[in-house]
């Protein structure tokens, strides 16, 4: 394969799926099932997720990817003049090629240090949108864990949640990396039923082949969601493929075990790097870390590893992004630290 | 599973994937690959499809489903005031929940007998769109094979193609069931490079878990297509999943063999039904057939088989839709004919 | 001006505005007023319209044209997957260049004889839209008077209104030619407060320079309408221009007097034509009439008059469209009949 | 009228139209004219504008307002994934209620000191948009004069123009206040034919009742523009209303004379204010000025004048916005300075 002699820390979707997921796909392969997410496997997956949520109230839908989840959720909630509030680093703002705007809605952005929104951030947006000559901010979007690898504590989420309720704003949590956030923080998945109007559970970046599970808590947002999925091309004929994967991810804690492994591998990397005296662009908390290294050292590491150089920090050093996953091997982590140590 | 004692002829996506595809997924599972369709497997798949096309000129992109393919292709080609011409039975008109309109474009429809457009149909639409107070029809959409199970001959496609070129219209072929069309007709896949501006090769309904391969022939339509895929949520992080499947489908004729099997099974069904004296709503040509049966007989068949009743034909009989696939078992076909015979 | 020797029966917007309207514009010209429809003139206009409606409950907004009114109203009411039901002759379907689709919504059309929808028409659309694979029809659109010059009686509107309420459909009346409908039928403007969720009162085609008054009856549809107007470019900085015109139109019955004149002139034309033994494509009821005349006669008339030839009726005769307005002169009508008589 | 004892410096659209324009409307009122901008008056207006442009190459279209002009122009130029670059103070970003996003496009914004874009600003946006996971910036939007009352010199425009040509970007100038910019700077209207792909000439804020004249220079952007106008509700039935106004504005220099008057009045205001020792938020250059005054003084002025308080500058003083127009009276200006002087 491309770059076959290098080990990749570029992202958390370089490998396929956890073997248990593939086994389940094979095991059920020739059973005839209903289409479009109404199959038994999808229903079993919903049941397993309901257990995690301690609630059967939410509606659960499976889609194939994060951008798809974001654009369907947001466009289903908003009237044409309503807008989304997001950190400027938010995935919907930077890395979705205008997917939200393509559904007609403005993203109102705020610069942050760590990729995390606070109530003050949100207020600052609300306060400048005063009349009908401007969009009406109506939905708060956060990603957890964030694009900078940071996470929200339960109390941080709670503050935003209360503010949103008071101010008649929807609160949506993009959980493309929810596994890494939950296993790194005091948040439980069941907390989200009360904290947010809607969120999704990321499968693609946590051991599935594809798939995100959208969880709609707010009763008023449930109506006709399948129409909106279909309209955006998200209702897969073989919806079983998504159901089977989430069924398996939420059997015997596989989802959390995979996320924990990713976080552990990142933690080993960041500990090793910190021990060698290096600093980080953002505090290493989950499976994305951003060490700042001398450019010369980066060149050496790049001979054996694939990763992104994110930004120049000064004339001689840059921040790189290292991403671990459910599939990251400990010997690759060790090798990285060893090479770094030799070149420090 | 649901309706577990019944055999389903409801559609061609009731089962998972052909075993060879699953084996390939497992075999490559832990190899690290680039994301978003730029992996080696997707590139090998492109190579294999180029062989089928006898050309390396087209651009090839993989997406997860047919509605997604349709909405991305159409919205990438048209300016805001331009419209699509389609048979009223066309998938984009009836069964995509307004996906095309949601991207801003009108579908101009024409009623047909057999789900197939002709040059005269297209002319009739063009002729009534005379000025800027109406949309400007700019793209001709056909599905092959059609939603009524009929197919276009090469010369029928050629007539439309010539008309489109003369009249500055784009010509787009929805090939969700292209395998069944090609194996039933005189059309070869390589013919399509010259005949249409863009088409797609359906995987979901021909043995893949998910996936359609979009083939763009017209040079001017290639630019920035990946942006448009990303914007609509179609650039899968683990694009390898799509690449691997098409790689395997276009190895050793698997794609055609699967489609032939589906057509054969449908042919056996329709021959058996015709031999018992029954008629059809549309001529049985591919893997979708529409026999007209007495309502009482339909009730008996429905005890053992799942299928859709499409419409009442008269007070005592209705048309049903039977769909076969790569996975249809011959004993299910035989059983259907036997029960029908006993009840005739 | 173009075709200066010919008198135009092409449309009801060939002249400027009624002189009283121009006088009011001049009289108020240098008074400073607030922008964007919040000026005193617009408020006085609203008061005068409230008197006509026998109600102060509706919200009233002024926009510059009919297509603008239609696209703002419809896109403000519908969620992305919801669709409009319209006669195939409806203005939004034929003559707005895909304005509704450009806001993301499908228009579900039904063929009619006279441009008028009935409950049975609406039912026939509802009945075939059964699940989330299709759009969800949610709003019934009618124009009154219609594009064929016919009008709805109060009881016809009442039937549709009841059906819509029972079936949770919005009911929207496009009143670009509401004046001609009301003065020709048993309908009063105040009836519309209860009969429809929203309608608009056409000024452009009834003596104003530009302008349509949108009346929103349904409480739940009022919220944030000004945002939606602004977003579509409909909140005029000098909103006074619209307010002043409607203020004057609804002073001393000017609106109805102008519409009556248009209907009278059309009636004189249709009576004269009928007396000469000619038939009509649709029953002449308002200010649009469609006489069927020999092609040779049409050629003679076309030397002195401008009008549209709508369609061939047989090899030797065609239907033409004659439109009268508040400004139509009786001597032009008489001349038309005279020339026709001489050539009959 | 509201606030009738106060003189308004809130905006440049508080009064109606220049009397010459009204006279022309009355004079032509009962002449029958073609609809939708194809009337003789619109054609004469085009001729007069061609003289100003020293060119008959551009296409000229009239629409009713600035937001409408912006949204039609931008959505006609861009493919779905393409974005606009704008200063964060740009009208399309702040004050159009998401009109551009509602047509599907992202606005990429840059903070500036004076509301003016430079090549470096534009480069900074281009440089961070590197691949198909982000939008593709394709059009540079500027307003001239700007929302902060500043203007672009001819050489500043020329620099941006060259950069855009080299980098395959469209260049669009929003001329809602083009009159004030041209009469204040070294720019001529005819320069714009070569400098930008498209611009519009603002009528509403320079003496017309309503109306902006869109001028399309780039040949490839002309096609089907009237379809796009119609689709967005901008093709007025009585297009004569727009044509007549621009015909008169571009007869005997009326357009420039009105803009000069507005600039002169603003200049008198800013000179008087500066002479009293006050500073400005942005350099006073055209008909919008932003003096910084003590809050106590502002309260006194507010008893006799209407204006917007824009922002707090420190604990005791704020910036206000004063706008003059073609209709501003010199005695109101003098009174403002007198009251300010007494309270200084």
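Which chain is which? They are A, B, C and D, in the order written, and residues in each are numbered from 1.
Keep in mind that, in the parts below, a contact is a pair of C-beta atoms (placed from the backbone, for glycine too) under 8 Å apart; a residue touches a chain by one contact, two chains touch by 3 or more.
Everything numeric in this text was worked out from a predicted model, so none of it was measured.
Peer 1: Taking shared residue numbers divided by all residue numbers at the interface, is the value for subunit A and subunit D over half (same) or under half (different)?
Peer 2: Same, since over half the interface numbering is common to both chains.
Peer 1: Counting C-beta pairs in contact, which comes out ahead: A-B or B-C?
Peer 2: When A-B is set beside B-C, the one with more contacts is A-B.
Peer 1: Cα centroid separation between subunit B and subunit D, in whole Å?
Peer 2: Subunit B and subunit D have C-alpha centres separated by 51 Å.
Peer 1: Any idea how many Å lie between the Cα centroids of subunit B and subunit C?
Peer 2: From the centre of subunit B to the centre of subunit C is 43 Å.
Peer 1: Taking each chain's centre as the mean of its CA atoms, how far is subunit A from subunit B in angstrom?
Peer 2: Spacing between the chain centres: roughly 33 Å.
Peer 1: At least two partner chains per residue is the criterion; list those residues in subunit D.
Peer 2: In subunit D, 80-81, 96-98, 102-104, 132-133, 135, 227-228, 230-231, 235 touch at least two other chains.
Peer 1: Where on subunit B is subunit C touching in the complex?
Peer 2: My answer: residues 80-81, 83, 94-98, 101-107, 132-135.
Peer 1: Quick check on the complex: what are the subunit B residues that touch subunit D?
Peer 2: 36, 75-76, 79-81, 103-104, 132-133, 135-136, 224, 226-231, 235
Peer 1: Would you mind writing out the residues of subunit A in touch with subunit B in their complex?
Peer 2: Answer in residue numbers: 1-2, 7-8, 10-11, 13-17, 19, 22, 25-26, 28-35, 39-40, 64-72, 96-99, 102, 204-205, 209-210, 227-228, 230-238, 240-241, 327.
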